[in-house]
Each structure stands twice: as structure tokens, then as C-alpha cells.
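Same chain, two partners: subunit A is paired with subunit B first, then with subunit C.
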Partner chain A sequence: MWREIWLICRKDLIIERRARVTLIQIVPTVLLVLVVFAFALDANPSLLGAGAGGLFWVAVLFGAVLGAKRSFDIEAEGGNLDALRLAGLVPAAILWGKAAALALQLVLVGVFAAAGLLVLYSVTVHDWLLIVVAGLCGMAAFAICGTLYGAMTVGLRSADTLLPLLLIPVAAPVLLAGTRAFDVALGTSADQGWSWTALLAVVLVTYIAVGWAAAGPLLEDA
Partner chain B sequence: MIETPEPDLRQQAQRAGSLSMTGSVATRVLGVVAIAAVGVMALLALWISPPDAVQGDSVRLMYVHVPSIWVAYGGFVLTAFASARVLWRTRSGVGGTYGVIADRQARRWDRVAGAAAELGVLFTALTLVTGSLWGKVTWGTYWQWDARLTTTVLLFVTYLGYLALRRLPAESRARARRSAVMALIAVVNLPIVHYSVDWWRTLHQEASLNLEPGGDRNITGEMYWTLLYSWATFTVVALWIGIHRYRVLRLEELAEEASLEELLAQRRDEQAAGR
Partner chain C sequence: MGAAVAFEGVVALLDRFPALAGVDLSVQAGEMVCLRGPNGAGKSTLLRACAGLVPVRGERAEVLGFDLRAQRRSVRPHVGLLGHRSPLYGDLRVDDQLRHCADIHRAGTPEVSAAIERFALGGRLGEVAIRRLSEGQQRRVALACLTIARPRLWLLDEPHAGLDTSSRDALDELLAEAVTAGATVMFATHETGRSRVAAARQVMLAGGRVEPAAPERHAKGPTDVA
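Our next item is the complex of A and B:
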């Protein structure tokens, strides 16, 4: 099982290395979102600084939607999912392999977005450990959610428009908890940053459990 | 491969006389009861029930607002239960693997899930509209980032997505199972959404605003009985609409699965009978 997960993850990362969609398209889009937020908030440094945590997570959520769509686009053509199942891979391994690859790509997106915050919004990080732990939990949760809903909409004609509608409401707890944790780490809130990170971990564990249960029904019919 | 529609459904549709009819004697009686109950409810809520000492006449919105969300929650719980049944009845190795759902029970539960979710969305929308109107009168604004409001709007959007997913063309088995998974994810996610939003607003809520509708006051007397009666009325109305929606979904399936020749033959029979 672990070997199968690794194979799928490696396959997706190799495709990404060759196509560079995350690096060339998703990362610039996320950075563009950060720039556009500055337009919306009239480039007010105090407003941007106060909302930096939330703007980071909103931008990354957009990136996750794009990444999830891309993750299953590469399987929709030519019936690749059927081919993977014919090769003897179990649905759960396919789902977790793709989720792991998406999580790694989202970490890359997150690193660039965090750099964007530091440069564009002039924020100062007070707690790097909180940023890293909350960031990793949030990216993993986005990746699992994105993979689940990507599998749900793979091959559907309206997947492009449907995926954000399905994914964003479900990802709301991650957005909330991630934002609060980052606000604390960036010194814009005196909230309980680690409590919010614990909530992120609970969300992550729940999504993992849901993913295990849903992998079979989703990928059997994909 | 397209399977022949279930014979009992076909017979029921033929008995109904047309693919456009969803009524029966029982549902017509239920409909009359529902409409009469709504009339009595309007009388109780608008005239007999007294205005609230603090909220005045705006409290009358409660007789629509509270039963609406109660019916909506009932609809979503039923959707989750029916979805679990669909997944169970179509699990690997049961009732075929691809194409249409061969299992009759699974098809019925799938329709129940669809009809119940539609009801849930409809009554959640009603809850949001009445809540906003109440907020405008009481708080002076249509919207506050209160935990309950935020959770409700996320719930509404989640199930709109569920209905959108159901409407996408796909083989019936795949569509039913995919929708069932989404319904179960939505239910599992709901407490997380609720508690995270609640925590968010508890920690950051402005102290000057009391966002709890009605505060900690107990409802008594005519207001209490009117509210209970409204719950019962909304339940009957929801049941009535739900049964019709179930039948519409069934007839849509029949229409999808009936061959063109059968439909043409049916049309010719209708024309002959008309002459």
C-alpha cells in the first residue's frame, strides 16, 4: 500500500517537474491574488498587515482549487484512472498518492505566498514554528479536501465551475483556523495560536478518516 | 448499457395517466391539510399570538424562521441517512459495478436523498431570509457575522453544491454514489464548521451586541403553542412537497430511461384517445 502511494505521488511529481504547471501557473496566480488584494484594500499597509494571515490562506485556497483540478485533469484524459486500477492499484492508494503530491505542491505554493507576504505586505514573523506547523497542517488538509472533490468531479463537463463551489465551503474551517494561527504568528492578534493549530490538526485527522472511507466509492466510479 | 425501467414504476406512471402527474388521492388530501394548516398558522402567528415585550411584532418572524431551520436540518439528516443506504446498497460486488443502478432500493434511497436535500436547501434559504429580516428590525442590519448565521450560510452553499453535483449528467450509479459521498462529507464537516465558526465569533465578537435572538428568555403561553403548531405545519408542508419531489425525480428517471419508440407509442396512444 505505502509503495503504491509512493508510486502515484512520484508519478504526479514527475509530471509536474516536466510540465511545471504549479511553478509557472499556480504560484504566479497566487502571487497575483496577493497583489490584487492590495488594490482592493487601497495598498493600505496597516490594513494589509492586519489581514495578512487571512489573505495568505485565501490565496493558497485558490491555489488548492487550481491544483486539485490539475491533479485530476491529468488522469481524465485517456482513461488513466481506469488504467491505474487495471494495473492493480487500490483506490485508496491512488487517492492518497495524489493527495500527497498535491500537498507537496501546495507547500511550494505556500512558501512562495509566504515570501510574497513578507515582501509585499511588509509583515514580521514572531513565531516561525507556529507558521510552519499551522502551514503544513493547513496545506495537508487542503490537499486531502481538494483530492476528494477532484475525484468527485473528474471527467464531469462542469468540473471547472463546480469544484470551487464544492471545495470552498468544506475548506472553511481550515481557512478560519489557519488565519487565526497566522495572525498570532505574525503578531497581529493575541489569540491562542496553538489552539487554532490543534483545531487544524483535528480537521486534518477528520479529513484523513473521511478520505479512507470515501476512496473506494469515489474512484470506483470515476 | 441501459436497463429496462423498474416495472412497478412504469405501472405506477401509467396509472397516474401521464408522465407529468405526481399526485395521488393521499397526497391531494395531504396538500389540502397542509394549505389549511398554513392558513391557521397565519391566523395564530399574525393575530392571536401577542407581540413580544422586547422585540414587538418582529417576534412573529420566529414562527417561520425556527420551524424552517428545523425542517431543513431534518432534510439534511434524511439526506445523509439515505446516502448511507445508497452506498450500502451499491457497495462493491452488489448490484453490478457500472452503468445504471440495478438495485431498486438503492434507486429509491437516491431519490429520497435528492428530494430531502432540495427541501433542506429551500427551507435553509427561508431561514436565512427571515433571519435577515429579523436582524434588520432588531440589530439594524441584515447581516452580522454571528456564528450561527455564518454556519447556516456555509451549510446552504454546501448543499447547493450537492444539488449541482446531482444535476450533472452521468450514469445513475456513479452519480448516486458520488452524491452520497458528498452528502456524508457535508454531514461530517458540519460540526467542524459550526464549532470553528462558533469559536471564531466567541473570541472576537463585539461585546456591545447581543446576537442571540430572543436572548435567554423562555417562550410561554400562546407564543409557545403557536411555535409548536408552526413546527407541525412546516413538517406537513415539507412532507407534501417532498413526496411530490420524490415522484418528479422518479418520473424524470423513467423519462430518461424510456426508449424513444416507447415514448412515440405512448404519444400516439394519447393522440388516439384524444380523438
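Our next item is the complex of A and C:
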């Protein structure tokens, strides 16, 4: 099982290394979202600083939607998902392998988005550990969620619109808890940052449980 | 040897449409069978059903001893399917793709090297992204992956499509070797001019059923391969 997860994850990462879709397409899109928000908020430093945490997570969520779509587009192409199923891979291994690869790509997106926040919004980080832990939990949750819905919509003609329609509402708890944790870490709120991070971890564990239960039926019927 | 495929009254629904409407078919292990029939006859669905990728019903639906009605997933690791499209990752290089196939099928370097040599995929071609290959070259990579997988049942949908003469010959030799080694081969094709195709048992499909066997069971046409 672990070997199969690694093989799928490695394959997706090699594809990313060859095609550089995350680096050339998704990261610039996420940075563009941050720039557009800055324009929309009239480059008001106090307003941008106050909303920086939320804008980070909205931008990363856009990145997750694009990444999840891409992750299953490559499987739909030429019937690759059938080939994986015929190789006798456990459906859960396919799902977790793809989720792991997407999570790593989202970490890359998150690093660039965080750099964008520091440069464009002039924010100051008060608690780096909170940023890193909340960030990793949130991106892993986005990756699992995106992979689940990517598997659900793969091959559908309406996948382009259906995936964000399904993913964004389900990712809302991550958006909310991540934003609160980041607000504390950026010093714009005096809330309990670690409590929100704990909530993120609970959401992540819930998504993992759902993923285990849903992997078989999802990939069997995909 | 026993039956590799034993279908009696097999039905497969695709979006409520009966793509297979009561198929009766028996294929012995080590046999080569050529599926023929007009477009929409159910050839591709039959191949996918044999691979355990399509849910089936019926009196009997066994492939390699697995009951497809209850053990559809169990048969998959023993089957190799090459459909109309080549199941390849366009952004991977040829060598990446072959290594991926070898890893998921637990094949070693000798199998990969043999497949590379057989389908002339060595040298600089190995470093080319699959997306940049011609259709015929992509087909060769897909066939190389199938060779690496070493299935007990080969299911091929229009395997000669897009291949040049030498690659078609290599494919014919590969199928003959697979049968000699005890594997079973089923392929759908509209080709009539190849001796290997003509040598296979011909099964006619129409309207999702197997047509009764005609007195002449082999395809007619010029034989261009000895």
C-alpha cells in the first residue's frame, strides 16, 4: 500500500517536474489573485493587512481547484485511470498518492503566496510556527478534498464547472479556520490561534476518514 | 487447458443501453481470438468487460477463473488492455513512462530493456516527451508497457491502428509469442490482410451479441507476413 502510494505520488511529481504546470500556471494565477485583491481594496495598507490571512487562503483555494483539476485531467487522458486500475492498485493508494502529490504542490503554491503577502501587503509575521503548522494542515486538507472531488468529477463533461462548485463549499471550514489562525499569526487578531489550528487538524482528520471510506466507490465508478 | 473466458448470456449496460445483449463466448487459454463486427457491435465493450472494467450480468461471466459478477476487481491484475487510445501520460518522457509501468507491475530492468528493443524505443527517443511523439510512436510505447506488464489475458482494441509496417510485424510477433507462452489474446480489428489476424479464430459480433459461427471461420485476404 505505501509502495503504491509512493509510486503514484512520484509519478505525479515527475509529471509536474516535466510540465511545470504548478510553477508556470498555478503560482502566477495565485499571485495574480493577490494583486487583483490589492487593486480592489485600493491598495489600502491597513485594509490589506487586516484581510491578508483570508486573502491568502482564498488564493490558495483557487490554486487547489486548479491543481485538483489538473491532477485528474492527466488520468482521464488516454484512459490512464483504467490502466492504474488494471495494474491492481488499491483505490485508496491511487487517491492518497495523488493527494500527497497535490499537497506538496500546494505547499509550493503556499510559499509563493506567503511571499506575495509579505511583499504586496507588507504584513509582519508574529508567529512563524503557527503559520507553518496551520498552513500545512490547511493545504493537506485542501489537497485531500480536491483529490476526492477530482476523482468524483473525472471524465464528466461538466467537470470544469462542477469541481469548484463542489469543492469550494466543502473547503469553507478550512478557509475559516485557516484565516483565523493566520490573523493571529500576523498580529491582526488576538484570538486563540492554536485553537483554530486544532480545528484545522480536526477537519483534516475528518477529510482523511472520508477519503478512506470513499476511495473505493469513487475510483471504482470513475 | 481450461477456458480463459466463459460467457453465457452476458449483458452489460452503458447508460441503460445494452452494449452487450446476451453474449455467449468461450475462449480457451492460449487461444488467439479476433473480434469482428461493424462499429457499435460491442467489440470494445466486450474487451472492457473481460478486463473487469464494465459491470456485467448473466448466467455465467468468468475470466481466468474469476467470476466477473462478484470479483470484477480480482481479474484486473492478470489482464492487459489496450483500448483505442494509448494510456500514456503526455508530459512524461518515454523512459519515465516505461519505468512507471515497470514499477507498478513489479517488472525488472531486463523486461524494460527487452520492450525497448522490441519496439525501437531506445536512444534519444527515450528522452522525448510522449506528447511530442507521433500516434504510431505512442502506440509503440503503449505496447511496450503492455509487454512489461506480462498479462495472462491480452485485450487489444484495434492494435494495428497507427503503426507502420515494421511495428505491425513486431506486434504480430509479440502476440504469437504471448500465445506460445500460454497467454490468451483477444483483439478487435477491421484488418483483414495480415496472416496473424487471419490465423486467429474469428468471432463476429453484431448488436451486442456473438453471431453464430459461419462455416468459414478464418478471415480472407492477402497474407503479408509469413
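We adopt the following convention: the second predicted complex is superposed on the first by the 222 of 222 C-alpha atoms of A that agree within 3 Å, B and C clash if a C-alpha of one lies under 4 Å from a C-alpha of the other, contacts with A are read in each partner's own complex, and residues count from 1 in each chain.
Heads up, the rule we're going with is that contacts are C-beta pairs under 8 Å (C-beta built on N, C-alpha and C of every residue); 3 or more make two chains touch, one makes a residue touch a chain.
Predicted model only: the values in this text are computed from it and were never measured.
Once chain A of one complex is fitted onto chain A of the other, the partner contacts of A:P169 are limited to subunit B, with no touch recorded for subunit C. In the overlay built on the shared chain, the residue A:L23 is in contact with neither subunit B nor subunit C. After overlaying the two complexes on the shared chain, residue contacts for A:L148 are found with subunit B alone; subunit C is out of touch. When the shared chain is aligned, subunit C comes close enough to touch A:G88, but subunit B does not. Contacts of A:A177 after superposition on the shared chain: subunit B is touched, whereas subunit C is not.
In the superposed pair of complexes, A:L7 makes contact with subunit C only, with no contact to subunit B. Taking subunit A as the reference chain, the count of touched residues is higher for B when subunit B and subunit C are set side by side.
Subunit A uses residues 220 to touch subunit B in one structure and subunit C in the other. Of all residues in subunit B, those touching subunit A in their complex are 87, 92, 97-98, 154, 157-158, 160-161, 164-165, 168-171, 173-174, 177-178, 180-182, 184-186, 188-189, 192-193, 196-197, 199-200, 203.
By the touch criterion given at the top, residues 51-53, 73, 76-77, 79-81, 83, 85-93, 96, 100, 103-105, 129, 145, 149 of subunit C touch subunit A in their complex.
On the subunit A side of its complex with subunit B, the touching residues are 148, 152-153, 156-158, 162, 165-166, 168-170, 172-173, 176-177, 180, 191, 199, 202-203, 206, 210, 213-214, 216-218, 220-222. Of all the residues in subunit A, the ones that touch subunit C in their complex are 4, 7, 11, 14-15, 18-19, 74, 77-80, 82-89, 220.
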